[in-house]
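Each of the next two complexes has subunit A plus one more chain, namely subunit B in the first and subunit C in the second.
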Partner chain A sequence: MSFQNFRKIAGSYLFVAPAMLLFCTFSLYPFLKVFQLSVTDWDGISSSMHYIGLENFKDLLTDNPVFWGSMKNAFYVTFLALTVQNFLALFLALLCDRDIRGGNVYRVIFYLPPVLSGIVVGLIWNWIYDGNYGLLNHFLQFIGLGDLQRAWLSDAKTALYAVSVIHMWKGFGWGFVILLAGLQSIPRELYEAATVDGANTWTVFKNVTFPLMIPVFVLVSILTILGTMQIFDIIIATTGGGPGYHTEVPITRIVAMMIGSSKFGYACAMGVTFGLILLAISMVQIRVSKMMKQV
Partner chain B sequence: MELNYDLARKNAVSFFVHCFLVLVSVACLFPLWWAFSSSLKTQQTVFNDLSLFPKDPQWSNYLFAWTKADFSSYFLNSLLYTVIVVIGVVLIASMAAYAFSRLNFWGKNFLFLLLISTMMIPIPGSFIALYVLLNKLHLVDTRLGYILPQINGGLALGIFLLKTFFDDLPKEIEDSAAIDGCGRFRTYWYIALPLARPAIAVLAIFNILAVWNEYLLAMLVLSSKSLMPLQRGLMVFQGAHITQYPLLMAGIVITVLPVLAVYLMLQKHIIKGITAGAVKG
Partner chain C sequence: MRTFLKYFVIFFAALTTASCGPSEKADTTTLTVWHWMSDREEAFNELAERFTQETGQKVKFELFAPSEAYSQRVKASAQTSTLPDIYGVLGESRDFASFIRSGYIEDLSQALSQPGVDGHVWKETLFEKALAVNTFAPGNEFGIPPGIYGVPLDVTTIQMLYNKTLYKKAGLDPANPPKTWEEFVGHASILREAGIPRFVGGFGEIWMLDALASNLAMNLMGEEKVFDTYRGKVPYTDPDWVKVLSYFKQMADEKILVEGAVTMVNKTAEQTFANERAAYAFNGSWSVNVYKGMNPALDYEAMLPPSVSSQYPPRIWGGAGGSFVVNAKTPRKDAAIGFLKWLTAEKQQTFLAEKTENLPSNRRSMTKISPLLASFADDMDNATHPNIYPVHEDPAVIEAFDKGIQSILIGEKKPLEVAQEVQKAKDKAEAKRSAAA
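Showing the complex of A and B:
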């Protein structure tokens, strides 16, 4: 190989070297390391680390109701996000798809909550839900429903709903923007043709809009599930997982296991398990969507 | 008559549609305005004064939050982290994306897939191992330890976005540059990078928002107050002064204003960015 050639090849690698270096250090290594740590009893500090096989996983699966409770809570919020939040997003997108005046203004406003941080949103809503001076309680008093007043985030009965509302408030604008873009990519001629054929609004939606939107629906629901299951910032800024374990979610449990209990190995096992569950959910969804396309 | 009836019906429908949309808009904006108006009340009035436009706005709350409650330091930290991470992501991702799009080398496709796969696979526990790694490298509680993982975090999307952009770019300009004796690095720097400005804008905005709003890593990595960004600072302030609502709200407004400014200035790029990714992918 001539020197010229060598220089050329080495030069090519120099272009990707910084990216690869960062990637291997901060993505690939931690990714592999999590698996390695998950089969140890490491506490994060001591120099000794014992291989304990699948002990962590066994304990997690059979003897950790708090973790599975947190999973159930996350599923609950996810279910609400998938149904209430995404239906609201779709409904709004359908309304804004009709070339209404000021459509862009609405879009800018609806996408405002998604660009804020979970911390900011959580702290603002804390103040709205506050048991003594919260806006919501003032409002209930005002409309004569004072009996319903409560500390919404520290009442075991309402905490999870309250957190879900915050999450959906923050998230619906994001679904709206993607769904609206999907709707606007549908050629208008299809609608015109359907209307000429005498189809009403519902049949147009069922036979034209819906089938063409399936890929977008799948994308939005996968991202909703992955995003909501990993909810953390809003929880930490509002309830911190309480009262009791009523709003614990998997990430708060993993952090608690790591920082609170110094069980790094166990926390990694939780992360691996949780990651596999998320992966399985996305695979099922992709499979289902492929089946729907064939029908 | 028939026409009139149709028109009236259309107007009525449009009226209700707007009513509903305005209602949802108010629901979006009201909590933010409430936070803002609370930030202008005093510690005494904030609990009972429900006015949306406080009669005697306490702008001094902002001065206090900025000087006495460390929000100036949090703000400057956030600014520093955001600027450095965005510059890092744009430079490193664009170089790699250019190579993946234009140059030929062994293992190219494999490396590209490897990088992109990190976007697809959720690894919720990886922050534990990341923390362990930073600890080994003595990067815990340092600025670098907070910056480097975030540059890495922006790479996958950046390389994907910019490679797609470079792939669609006609090669002729670069070829003529090469004939004129431009080396590959100079071609990338002087020809390809300036042409990629629209894609870089989208990439920059996404990273600005991501870094400015980041919390988990800041919580794990940074424990010195002097290094903390705004999101972390807000939580620290809330933990220490739980009832000082006007000051907390002032801190929130300080945190939100830059995001709001960036968003309103560049919302077209943001919405184009999300929708392009979504509809193509």
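Showing the complex of A and C:
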């Protein structure tokens, strides 16, 4: 290699070096470290740790129903977010895509909840759901449905739904913004041509909007799944995972294991397992989206 | 391009070397203290200034709140050997032991046996029960060399509180709070008839449930039987344990708890009691300062949890509130110990008690506290704490027990059902312990 070539390559690497350094320090190293810790019995404090092989994983897979129950809860919230939240986001995006009056104001309003802190949102909704002086109970009383009054977050029948509603309220703004951007990227000529051909609103949506929006739907659904499965702050601010285990989700279990029980190694094994599940879901979703595109 | 590249290399090299070096000249004389007590920040800073004026030694208090964030910071700093001269360890005795085993905490036994600032033996000026939380006895289950590893900054007790105004409103005698469980249920019934919400606690934080349940258990069956359960000699399906769980069932049946208390955090529970939306609360002595801030006119008093048996003495959680330890690796060890001696002396403790409404750890300062705070201190003889238990329950079992109580309180499970589930968790924990041994 000539000196000129070496200098050219070295110069290129030099430019990449700061970003690589940051990536390796703050992403790659912690990522690999979690794998390393997951096969130890480290308590998060001691200067020494013992290698225990796959024992943590074995226990997690065969003898930890609480963790898998929390996974079920997270899937349930995710299902609601994928359907209700995203349909709401799409509906509002379709409305705002038309040149309605004050469209920008609506966009700001719809985008406000996602930028609020999860803890703040949780505290606000705590007040709404309060069993004694909550806004929701007052409203139900006002409209003559006083029989439905309850402590929404402390009732085993409603706690998970109540938390899901908060999550969907906080999250629909993301989907709204992305879907709206997708809708606005569709050439207007296609709509005009369809209208000239006599297509009604539903036909236009089915044959023009929907096919062109598939990549956006895939993106939104991946973000929804990954975001919702990792729900944590709202749970901590409202129910703490209770009552009982009714609103426990994987992250609250990982934190409980890490801080509450000082089983850092086991918590890392939970993190690795949870990460692999999310990876598998994302890969399936990407595969399905590719198949849909081919169709 | 060549010039640009040259300047870029120089800039990057400068940036790298600058970030590797100290940002300011290292201060090797100032004592650094880390804490999580945001309500005491002002008082600590004032005391630091006074100490500097008196001795010339600079002290810097650094606050990291909330306590969860503080706890993580201390653990992370331990890994990188960047712990300060003085800090506190939050968590159970298992965590405390792990810090000691790893050489992060100095044994203060010898220093505590020497005279303190006012000439008396240092440890004799402090409450024994508060010191006990920082003490590891010979033959302890963690294998820690016996000694005292921390200095209590204040003492605390967790008790029941009752609102005197609401008591009067319901026609009950505010000078006679319930002493037995039957009286408690009876008073709750009268309060209910008067339309007054009854009992609130931050039972979404399961350690609060654990505190109340262990109070009832120790009163009903005695400490030894509770410890024998932890040792695996008594099952959780024992009638006494089922009876303990039945008290929670009774609270659910009689609707004694305010709506939503099962998932309520303690801060919300404190607001509920301060706003007179509950006649009883379960809270610690730190709440005196909290309620004072929320509702200065609140008329209340502390009382022991209602007794469920006369066979064994009532027990409450108590002992050291916050404690400080000395970093075993700091070169300023003597200065750090000297500062802790000064901080726990009568004058400074009185100042802290007056300023922050916390119970002082120095016995002599106790005479100068408010009557309300004194109502918490009165029951110090009944205090115990998980950190001083001779044996500790597995965290998974504790969680199963506390979550089970939540299930009883929402009417989802029966006491016996929960007892069986807890015993199952216990069997699993025992099997794991045996396998590990």
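We take it that the second predicted complex is superposed on the first by the 271 of 295 C-alpha atoms of A that agree within 3 Å, B and C clash if a C-alpha of one lies under 4 Å from a C-alpha of the other, contacts with A are read in each partner's own complex, and residues count from 1 in each chain.
Everything that follows uses one rule, which is that contacts are C-beta pairs under 8 Å (C-beta built on N, C-alpha and C of every residue); 3 or more make two chains touch, one makes a residue touch a chain.
On a predicted model such as this, the values are computed, not experimentally measured, just so you know.
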Side-by-side fit of subunit B and subunit C on subunit A, or clash: clash
In the superposition, subunit B vs subunit C on subunit A residues touched: B
Subunit B versus subunit C as contact partner of A:Pro243, first or second or both or neither: second
Partner chain in contact with A:Asp155 - subunit B first, subunit C second, else both or neither: second
Touched partner set for A:Pro113, first subunit B, second subunit C, both or neither: first
First (subunit B), second (subunit C), both or neither touched by A:Ala74: neither
Partner chain(s) touched by A:Gly11 [first = subunit B, second = subunit C, both, neither]: both
Which superposed partner A:Gly44 touches (first subunit B, second subunit C, both, neither): both
Which of subunit B and subunit C A:Pro30 touches, first, second, both or neither: first
Subunit B versus subunit C as contact partner of A:Tyr133, first or second or both or neither: both
First, second, both or neither for A:Ile178, with subunit B first and subunit C second: first
Against subunit B, colliding segment of subunit C, chosen among 20-28, 74-82 or 218-226: 74-82
Residues on subunit A lying within both footprints (that of subunit B and that of subunit C): 11, 15, 18, 44, 132-133, 259
Interfacial residue positions of subunit A with respect to subunit B in the complex: 9, 11-13, 15-16, 18-20, 22-23, 25-31, 33-34, 37-38, 44, 88, 92, 95-96, 98, 100-102, 106-113, 115-120, 123-125, 127-128, 132-133, 135, 138, 169, 173-174, 177-178, 180-182, 185, 216, 219-220, 226, 230, 232-233, 236-237, 250-251, 254-255, 258-259, 264, 267-268, 270-272, 274-275, 278-279, 282
Contact footprint of subunit A on subunit C as seen in their complex: 5, 8-9, 12, 68, 71-72, 75, 78-79, 91-92, 94-95, 98-99, 101-103, 197, 204-206, 258-265, 268, 272, 277, 395-396, 399, 403-404, 406-407, 409-410, 412-413, 428
Touching residues on subunit A, where the partner in the complex is subunit C: 11, 14-15, 17-18, 43-48, 63, 126, 129-133, 150-151, 153-156, 159, 238-240, 242-245, 256, 259-262
Residues of subunit B defined as touching subunit A within the complex: 14, 17-18, 20-21, 24-25, 27-29, 31-32, 34-35, 38, 46-48, 50, 92-93, 95-96, 98-100, 103-106, 111, 114-115, 118, 121-133, 148-149, 151-153, 155, 159, 184-185, 188, 209, 212-216, 219-220, 231, 234-235, 238, 245, 248-249, 252, 255-256, 259-260, 263-264, 267, 270-271, 274-275, 278-279, 281
